[in-house]
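Please see the structure below; I have some questions.
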Amino acid sequence: MSSRFRNSCAILAVAVLLGACDREERQSRAKPLGETVPAAASPDTIYPGDPSRARYVDARGASYEGNAFAIAQGQQLYNWMNCVGCHAHGGGGMGPALMDEKWRYGGRIDQIAASIYQGRPNGMPAWRSKLTEDQIWQIAAYVRSLSGQVRKDAVSARADSVSNTPPQTQTVRQPVRPADSDQQ
Amino acid sequence: MSRVAALILPLALCGCAGFQNALGGDGGEGANFVRLFVLFTAVCTFMYLLVMAGLFAAVLRRRRNADELTVDTGKHHESAPLVTRALAAWAILIGIGLMALTVASFFTDRSNAAITRDPQLSVKVTGNQWWWDVQYSFADTSKSIRTANELHLPVGVRAEVTLESNDVIHSFWIPNLAGKQDLIPGRVTDIQLVPRKTGLYRGQCAEFCGVQHAHMALDVTVESKAEFLRWAAAQLQPAPAPRTPLELAGYRYITTRECSVCHNLSGTPASASVGPDLTHFASRRSIAAGTLPMNKGNLYGWVADPQSQKPGTKMPTIGLSPDELHAVVAYLQRLK
Amino acid sequence: MTSALEKAKAPPAKVPRDGPRLTGDKLHARLSATWERPRGFIGWLSSVDHKDIGRRYIVAALVFLALGGALAVAMRLQLSRPQNDLIGAARYNEIFTMHGTTMMFLFAVPVMQGMQIYLTPLMVGTRAVAFPRLTAFSLWTYIAGGCLLWIAFLLNVGPDIGWFAYPPLSGPQYGVGKRPDIWAQMVTFTEVAALAVAVSLTATILKQRAPGMTLARMPIFVWATLVTSLMVIFSMPSVALASSFLLSDRLVGTHFYNPAERGDALLWQHLFWFFGHPEVYIIFLPATGFVSEIVATFSRRSIIAYPIVVLSLVATGILAFGLWVHHMFATGLPRVGYSFFTAASMSVSIPTGLQIFAWIATMWTGRPRMQVPLLYVIAFIITFVIGGLTGVMIAAVPLDLQLHDTYFIVAHFHYVLIGGAVFPLLGAITYWFPKATGRMMSEALGKISFWMIFLGFQLAFFPMHISGLLGMPRRVYTYPAGMGLELPNLLSSIGGLVVALAVLLFVINMLASVRRGRLAPANPWDGTSLEWATTSPPPSYNFAHIPVVDSQSPLWDGKGELAVVHGLRVEERELLLTTVMSATPDVRDPSAHPSPWPVIAAAALTVMFVGSIFSPWAVLFGTVPLAIALTAWFWPKTKEPTLEPSIS
Amino acid sequence: MSLRTNFTDDLSALPTHAFSYRSLTWWGIIGFMVIEGVAFAVAAAAYFFLMSHEQEWAPRPWEPPNLIAGTLFTIVMLASEIPNTMVKKAAEKYDTAAVRRLLPWIVGIGVLLLVIRGFEFNSLNVLWYENAYGSIIWALLFLHATHIATDWMDTVVLWRLMRTPHGEEPRRLVDVDENALYWRFVWLTWLPIYLLIYWVPRFFR
């Protein structure tokens, strides 16, 4: 066994370890207690436009994105807060679809969190002071999974409810692009 | 003194001490359980002693002809003359014992089924991770009581509890009153309770249901009919109005902020049903499904940081400011 | 070139065979050359010797016992006082899931099968198991499954759903991450392993018994092995299917357990317990086999009522399939059905009661020698009968509805599984240790650890009956003070520590005795079955000549003489097949040579199974390496066929 | 104490192979057939368990599966028993040449069956993730498809092996005989599954 082989084995093992940790970590509370607005809520992300030009990326998103526990919590909150009422199970209705590739206010997790936090014109309420930031991040993580943006090993195939979408684990990853041409 | 009692009573097995005790026998089924359990224990102990007597006699008995039926005599295949008859007798004894126990069990089962005909009170209990949603419905359909994590029952009244689950399988178990019954998503099950003695009891989820399975208890109060009616009348009232400025601040916070998206307080704008109903929260014996006894200190601890009291509970740690915390606790305490 | 027909009719070739003219040391040298595994690490991996495989099975299972035991100690520390915060809720849930899963799937069943793999060919007087490579494959599959579970646990992906993993808690919505998938796939691994062993052992027992060993002359342990192997074959497909359904619910969104889409969460419970109840007897019946062997040897007489004991084994095996609903009394099924399952559950105690009678009567009429194996048997009877009687209690619906899912049940199944299976196992290890290693275990150390285990066990588990009656549900990571639960839990924790120390002492005794124990003769206890006819430890080929049997206790009745048949080849691996009922010699059959392909196939299977946790396509692509490995496994390695066949 | 050895019979004249229940591998194959048979039976029990909750089966608005592909599959499957029996008979008569001639046919039929099986999945009128009815039908069909696939693989390997000089070995003909036996198991188990997938959802509408 060459030392290179051994090293790569070790690296692989560490990578698996970290990957598993990230995916399976169960955070029962947000790490920074009582922090303020998600940083991505700077003015240029509130309005339609190319989200890739957004100036700030909120680093906290990384600990929610692809975390199975956060996504599961987000899924439950999505139902409890009746997001289904407007967005259905991602297919959209009164509100825009969440499982396609069009994102008017940006499809990054921090941008989605900002949209939930601040609310958006034409009916999306602001959830600030209704949900904790932790919960908003969790919902954002779940919303990201609807269009296949997160790792498949962290999402659940279905909820224990009436199914009206193909299994989440089989969702094709949609490219994230602005929906400037699309008027809902 | 109470510590000494706590140490001695379980060993004495007298069964009158605990308020969550299968040997309490304070309800119809519970009493049947105690009778049947005593019978089974007696029969089983008898059989056990018989086996032990045989075992020790076989091992320790002094042998007159030391190697009567052993390899050394070459007669190791042979059987002692008594063995066949003893074997037959033993088989018959086991058979009779089992038959008797089966019959006893069958009649107890029938008696359990019989005492619970014609329910006089119907309650619906819904299991959630990790709390109980409790709804009373009455003949007058305009009236209904919704509460959580507590069950009030009038003594001697046959109550039918309908059981459902919103998420995973739970099991409804108030050992002093009756056996368990699972709450299974997609199914409706039921259990009949006939409390015989007034008192405070405790029930607990008995089917593993996730992280906080250990903290999913149910406070049971069996009281006289009059007391029950008084309780019910109080429960039918909307949430009390705030009286002091501090309570008012708490009322505002609870009914407009994070609390209101999950909890219901009748007569206020908070009308969600994700979490336990809080209308008469302060009249209950415990916080968070038996996690903490109800008192001011625990209330502060719970509202400030539920995740440290019951890690994994669905109630988030909001991060209230000290002023908000004082206000919220003040109003919660008002909810008698 | 001769045709197949001519070859089939050709007389046997002139090749060296065992017999009066080839015996003793010369035969030993030649048979060893044929039957020993190749040298080196690859040779070690390639071994198909049932003694190697059985030993590895047992050692691996004991390692898992130690791991599971460490978790038990952790749980007992957490529960030693109320409101303890030593271990958090989430971690505690992982720990009890791992404890139950490890003990049931990675310790209890494999250790029994390991003993069976080791002992069965020796007891029936043959040179190898029926399918040596399949048995080797099973070993590696089992180890891969165990490693999967434990590596996942160390990587913080340990399952946290309890060892019977009820959906919806284990389903896609509430079973978060890959934790339940790890559990379900580990089940698949161990089922594949257990089924492979069961097929191999069944064929060994039916077709490879020594000439003259009719069914009525088989040692009781072989009977127990036959019954449990058949039980494995009939019960395990059910759980394999259930766990596949669970995986597909979680991975591709099927709805087997989703009531909102016409599925049913109770489907899992039916499928699981249809396996789960027989599973208990799959663990327990081999233990009764140990007991029967030990009792006979140490009482210095054959077992009383042999036909009754055998019928009891068979009856228990059959009845075990009619009991599964008694795990589901609280689910609200129709009451009429309950009465049937109550009666059936209680009736299981009849065959077991008869077996206990036979053991006691054997000791009564014989002359018991109080050595460590027999001490364990006596402890077994004292302990197991308590577990059996509490089992009768919980078979009654009104009692079960109170006792179900409480610490009373925890006490009950530890009494039947530790008292009923682990005590006999420890006795059996002491009993057959000299056969396997050539050295005796220390009697003094053995007695010390025996008393510690026996008394520590009672201290640990008897109070659990009380805590259960006082209303303590199982699987809680903590309990409130003031309910009277403090003392029973503290006693249990102390007892648990004593048991842990005692098991450690037992293992130390094993390790020390392997190196420095007293050298053992071929038949140190004056036993009667065929494994004592060969040397300690047995040679790679087990028996120089295949023994002939004409009674239930061949060595005692042979009076120092052993009748044998001869004429098997010595340059090739060859077995003697006999007829199923009367065991008359029928066919000379080649036996497989060592091969690295079983371990490679197990590795390919591991890739496929682990991959299919993450993607359904792994099932498709994973078959390619597996098919290659299996083809290479079966493909003959010699260029030309020989007149006398071989499996190379 | 070592035992005195007392030689009795000489076994060197015993045959080195035998067909049917005298063969060791036959018992192994029976063992695996029982395991898989139990798996099918349990799957069928699960099917009836799920069905017992429903008023209609297939539940509306789902249509029962289309019959063409499944029925065609069944016909081909039954017809395959003819060459299968011929191979089995030839093997028992040690007719290596006939076995070598017939095995490619069996392999070909296997390919045909796998192709039709693909169309069967297409004709179920329900997807596995739509409801539990769809899940169990897909599971049954998939479970049986794995048997077709494994036996086909097995036959291909055997066919290649029979074409080598090893095909002249009598034991290989025992392998052929047992492979044919397994094929009988595969088509016998198909018949009830065919009814469960295609006909029961029609009868209970």
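When the chains are written out, they are named A, B, C and D in that same order, and each has its own residue count from 1.
Keep this in mind: contacts are C-beta pairs under 8 Å (C-beta built on N, C-alpha and C of every residue); 3 or more make two chains touch, one makes a residue touch a chain.
Predicted, not measured: the structure shown is a model, and the values here were computed from it.
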| item | value |
| --- | --- |
| Chain nearest the overall C-alpha centroid of the shown protein atoms | C |
| Pair joined by more contacting C-beta pairs (A-C or B-C) | B-C |
| Where subunit A and subunit C are represented by their mean Cα positions, the distance between them in whole Å | 47 |
| Geometric centre distance via CA averages, subunit D-subunit B, whole Å | 51 |
| Centroid spacing, where centroids are CA-atom means, of subunit B and subunit C in whole angstrom | 37 |
| Subunit A and subunit B: spacing of chain centres that average the CA atoms, whole Å | 39 |
| Residues of subunit D engaged with two or more neighbouring chains | 129-131 |
| Residues of subunit B whose C-beta touches two or more other chains | 167, 185, 311-312 |
| Sequence positions of subunit A contacting 2 or more other chains | 26, 76, 157-158, 160, 163, 166-167 |
| Topology of the chain contact graph, where touching chains are joined (line, ring, star, complete, other) | other |
| Residues of subunit C touching subunit D in the complex | 1-5, 7-8, 11-12, 17, 19-20, 23, 130-131, 134, 195, 198-200, 202-203, 206-208, 211, 233-234, 236-238, 240-241, 244-245, 248-249, 252-256, 258, 261-264, 267, 270-271, 274, 521-523, 533, 544-546, 548, 555, 558, 560-568, 575-577, 579-580, 585-590, 623, 627, 631, 634-636, 639-641, 644-645 |
| Parts of subunit A lying in touch with subunit B, wherever the complex brings them together | 26, 28-30, 33-34, 76, 80-81, 129-132, 134-135, 160 |
| Touch list for subunit A against partner subunit D, complex | 157-158, 163, 166-167 |
| Complex interface listing, subunit B residues touching subunit C | 2, 6-7, 9-11, 13, 15, 17-23, 29-30, 32-33, 36-37, 40-41, 44, 47-48, 51-52, 54-55, 57-59, 61, 63, 66-72, 76-77, 79-80, 83, 86-87, 90-91, 94-95, 98, 101-102, 104-106, 108-109, 112-113, 129, 167-169, 171, 173, 175, 178-182, 184-187, 189-190, 202, 204-214, 290, 311-312 |
| Of all residues in subunit C, those that touch subunit A in their complex | 90, 152, 155-157, 168, 171-174, 176-179, 249-253, 255, 258-261, 614-615 |
